[in-house]
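Across the two complexes that follow, subunit A remains constant while its partner is subunit B and subsequently subunit C.
And now, the complex of A and B:
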């Protein structure tokens, strides 16, 4: 493996050093159907060669901004004729390759023997649409698209400050993915920026087509089920995070930006928290925490109580449970396990199925999971109700990745509860808490401000305190500017 | 060194589990395979044996039947029930233990201790003394009222809550506290089991674990007012053709300096709910007179109750605690009981009655 890598590196460095000329370019673009090499003569009878990749450039602009002005011009320099704003002179073949693949047109003037590149990137893609993954009722509706430039615009509009810095990184040996690291100079802790820069520079992989892959390479704990970067497609969330002292990374060709460092509690916060009245927002946030706990423990509790701790069930409920379970062939564990697996199959299918088929899925799911399972004696009525509650509770979590993690935690707790009952669930909880306590996001504690303890940050933790009281930036982010408002002096 | 931390953690966690009483050997408690028992009825059997009964299956909608056994020991009954029934009868949901009056007279300490030491049995378990044959009552009623045991439990639970003011409901934990504390004797509710009726009869008064007497009728009502709830929804006094309602009491007990005289002042606040007598209670002078008569009546009744308790040498009102002082040497329980028998008691009622109608001067 080692010699192969070093061989490839050698050929790369060789290409870097080669001079840009027509022969080398033709060699490089051989067998590329969408590569075009066009020769034209100007009014001055000068020979001009245009090289570009048809599928990557805006062909209408090619004629308007380059071909027509050049052929009809009487200027001495090619660069002067071109109406496009940014023209650069090329010297190496590597430069020429990069420019071509990023949607530039290479222009060669034989008389002057100059190769220059003119960016004419094809910006075909989605327009700005409403976020589908993080929907809110009130507040801004725009969301990121696959075009990184547009995404930066959406953030810049919200933070029109020169302190908002954007650093460019190119990662992926084949995908050459552009990553824009954004932070607010003089506010964000420089340590975060330094760590992010290092991590981005050290990434060595061939292809990246989503931000989660980049997050996977930058994460401190690769085997954890908890996301250590917040993935969001909402520009308002990014802008808020930047102002709070976090860093944001925008990735080309994906609408999802990465925000770090985050804590576990960020995953249970929604942008709407800052739009609602604070008592309402606090109530809803509390509901989300309760729902998170319900979604991971409700079914395991059912199994623990019906398998081990019948004496803990209130007599009235025990009456219903015994009645409901009296004719079932499965033990509570297998009953719950099967139902949860079926539910996961239906949930996964509903994501993959075409929209028109989803109605069929709804009907089948409803009948199979609901009535038929009970009538066939596969599951008890009580379990069906509990499965329904825990599934809906899981969806209260605003972060989809955490919702998926919930399912896995639920299965682990289920196994623990079937063996050890409530002690098993307690052990599982201890394990999860210990794991969360050990996690870090961009080398910062993941369970802050609970552990380590930052008392002031609790104002925006389990409750969302009134905005007029939240005058300080979160302490755990150790920002350079602690206060959120400017002194009147 | 690298593995020291996780090993230490595992050792601490497992010690926490095993040394705090959590057994690693778990029973099979799947609810569809067991039959949780909600009550045990314990009667004296022939030859010093115990007759123990319960309903099986206690919860499922199946035909219920009374399971009865003659055993030497309580736990033996718990075990032998399983041999008579296709599901394992478990005592983790035991909510009521009904003890026959005759058995209670012989002492119930072994039964109480057995219940207390069983980790499966909760201390939120109602203890009831039954006058009559409870098994007979269950047999007669089980067809018409299949969930009889459940409703009985709900009734006890309802009256256990404060300010219901009707019954002396005591659970195992409270009984234990009264039994094992110095200067106090336990009480229990008494129910009368007839062919088709199960009626609250009064309050059983114990001397240690022996049933010594039953306060019923007005005595039981006074018991509620002076000791249990300090509240009565209704207090019918047929002698004066009156029913007092919503009665709240404040009891002030005081022992004199040489512990020879006990003074009890009871402030009672209530209203006349019903009156069928000949007095004109709309007249304030008549009402005042009537008030005095009721006070005298209640004072006499309370004094009689105290005299009875003194004779029984039982102290359910924890009067003995009044002899304790911060620097004086406490009496032994034996000494106190001797003293209690001869103690002078003075009862003074201070009743405020609201007539519910306008009163003329």
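And now, the complex of A and C:
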């Protein structure tokens, strides 16, 4: 296996050095149906060869921007007659290959024996649309698309400063995915940029088709269920993160940017927090934290109480519970486990099913499984209510990846609670918190500003403090500019 | 496989952590049983006086932190005592450390056994708590120190739940009299000894002294930690005095947990179970901290300080701790709190270590200073 890889490397390095000529290019493009090689004669009777990949270039512009000006011109050089500022002279076959595959047209003037490349990329893609994963009522509605240039534009429009730096990386031996590393020079901690650069340079894999795959390679803890990079398709979130001192990575062909370093608490914050009035935003944020805890502990707590601690239930509620559970054939654990599994199946099905079938799913999920399960004696009414509350509570979490992690945590807690009651839940909580305490995002503590403790950052943690008080950038990000306002002096 | 580093230092720890650790080390298990040992109202004054003595001890201790030696860790102790003598001291220090882990774990598990799981085998509870403590400590000393914030957040407010007991309809202010003792007995001395051992724990900060930031006024933070502990002891004792009264207090096991049983909530009963479970956050932090300190001590004794920590070494330490607890629980443990030999041993051992460690360090610094002069 190693010798094969070594052979491939050798052939690639050989190709890097080979000179660009028609023979080599024809060889390279053999069996590529969408590759075109055409010859034209100019008014000066000079022979011009155009080489391009039909599917990657803007064919409508090919004639008007390159072919016609070249044929009709009387200029001496190709570069002079094409009014494209990015025309470059090629010398090696590798350069020619890269240009071709990134949507350039290669132009060869036989008389002058010069190979040029003219970018004519086909930018067909989705237009700028509203974000579907991070919807908000007020605030900017635009979101990223699959076009990396457009995505950079959306951020640049929000941060029109030359300090906003963009570094380009190409990763993936086959996908040749373009990654743009963005940061604000003189504000972002250089350590973050250095780590990100190193990580991006060291990535060695064949194909990347989503930002989460790049995140998986850059993460410090590969086995954790918690995302260590924030994936967002909102340019306003990226711009805000950049100004707070984080780095952002835009990836070609995916609408999701990566933001790092993040903390666990970022995953529970919404862009709308900074639009609402601060008391309302704080209340809603608090509600989100409570819902997060409810979503992971409510069902395990039900199992703990009904299995081990009946004495904790007040008498009136106990009557209802006993009546509801009296005819059930399952223990509380199996009852809850089965209901949660069925719920997960419904949730997964609702994501995969065509939209037109969703009504059927609603009927099956709501009536057949909900009502019929109770009537058939498979689940208690109390549990159905609690499962409903817990599921809705999970949806308050703005980050989809964290919502999925919640589900897994819930199942773990369920097992713990069935064995050890509330002690099991407490043990599970300690385990999760210890795990979060040990996590890092881009080598920075993931559970900051709680642990390690940064008191000043608490103004934007469990509550969203008034913006006029939030004059400092987060302390845990160790930015080069501490203050958010410009000194009048 | 990534190297297993438990004692790496990537950043300095500020005094705020010292405050939390001092407070959590003092308010550990003894707060659950403290009122039944103090019994008499004049012990309110006892808490204040022992709190002041503890403060004096912390003043001595803070001298160590302001000295140049504290940041150097192992090499500082070798300079002060010589390598051979220091290893002997560490070997000697491992005994109270292991005793603390054993006694506190078994006592806490016994409380859980009594109030939450009367039918469960205690060894399962011990295993569960130790496993989670091993996990926390496997994250390394720095992360374990950081974990104190989480432990504090999950447990410090519990004491506030006892404020309603200050206003019971059937008690009055006269229940807190006499504040000055009218008679003094052997039991009163025992109560004071118990109080002193309750304030013990901060001496274990020497295990993490290299992590603290140099040049900060650590004394201030130690004082805050001690002060919060005095307030917590006072709240728990006064509320239990008002709730039970002196006569009944001495006959009650775990008065604090028993009091929590009477807390009312419209949606859930037996709040004591939840509070006792939450106490585990605090408890697991201390056990994890002690496990790492124990492993560090073992490394010094076996001359492996300068070598990389290993998973096998750490797991072996965990195995020793679990086996010790299991053996004591199986063959030597006496159920109950009163006249419990192990508890008495722990009271004496922690009192002695709290008294001697700061004094010994200060004396060593002074002697070293003189010899250098």
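List of remarks:
Criterion: the second predicted complex is superposed on the first by the 489 of 489 C-alpha atoms of A that agree within 3 Å, B and C clash if a C-alpha of one lies under 4 Å from a C-alpha of the other, contacts with A are read in each partner's own complex, and residues count from 1 in each chain.
The working rule: contacts are C-beta pairs under 8 Å (C-beta built on N, C-alpha and C of every residue); 3 or more make two chains touch, one makes a residue touch a chain.
For clarity, every value in this text was computed on a predicted model and none was experimentally measured.
Under the clash rule set out above, the superposition-derived model of subunit A with subunit B and subunit C contains a clash between the two partners. In the superposition on chain A, contact is made by A:328 with subunit B only, not with subunit C. Legend: residue contacts after superposition of the two complexes on their common chain; A:452 is shown touching subunit C, with no touch to subunit B.
Judged by the touch definition given at the top, the superposed model places A:425 against subunit C, while subunit B stays out of reach. When the two structures are aligned on the shared chain, A:437 is found in touch with subunit C, with no touch to subunit B. Shared-chain residue A:308: touches subunit B and subunit C both. In the superposition on chain A, A:319 makes contact with subunit B only, not with subunit C. It is stretch 6-14 of subunit B, out of 6-14, 78-86, 96-104 or 258-266, that runs into subunit C when the two complexes are superposed. In the superposition on chain A, subunit A positions 308-309, 311, 313, 420-421, 423, 427, 430, 434 are in contact with subunit B in one complex as well as with subunit C in the other. Remark: subunit A residues 306-311, 313, 315, 318-319, 321-323, 325-326, 328, 331-332, 420-421, 423, 427, 430, 434 touch subunit B in the complex.
Of all residues in subunit B, only 9, 13, 17, 22, 26, 29-32, 34, 36, 38, 59-61, 90, 92-93, 95, 120, 122, 150, 153 touch subunit A in the complex they form.
Residues 308-309, 311-314, 317, 420-427, 429-431, 433-434, 437-438, 445, 447, 450-453, 455 of subunit A are the ones touching subunit C in the complex. Interface residues of subunit C, counted against subunit A in their complex, comprise 11, 16-17, 112, 116-117, 120, 125, 128-129, 132, 135-136, 139-140, 143, 146-147, 149-150, 153, 266-270, 273-274, 277-278, 280-281, 284.
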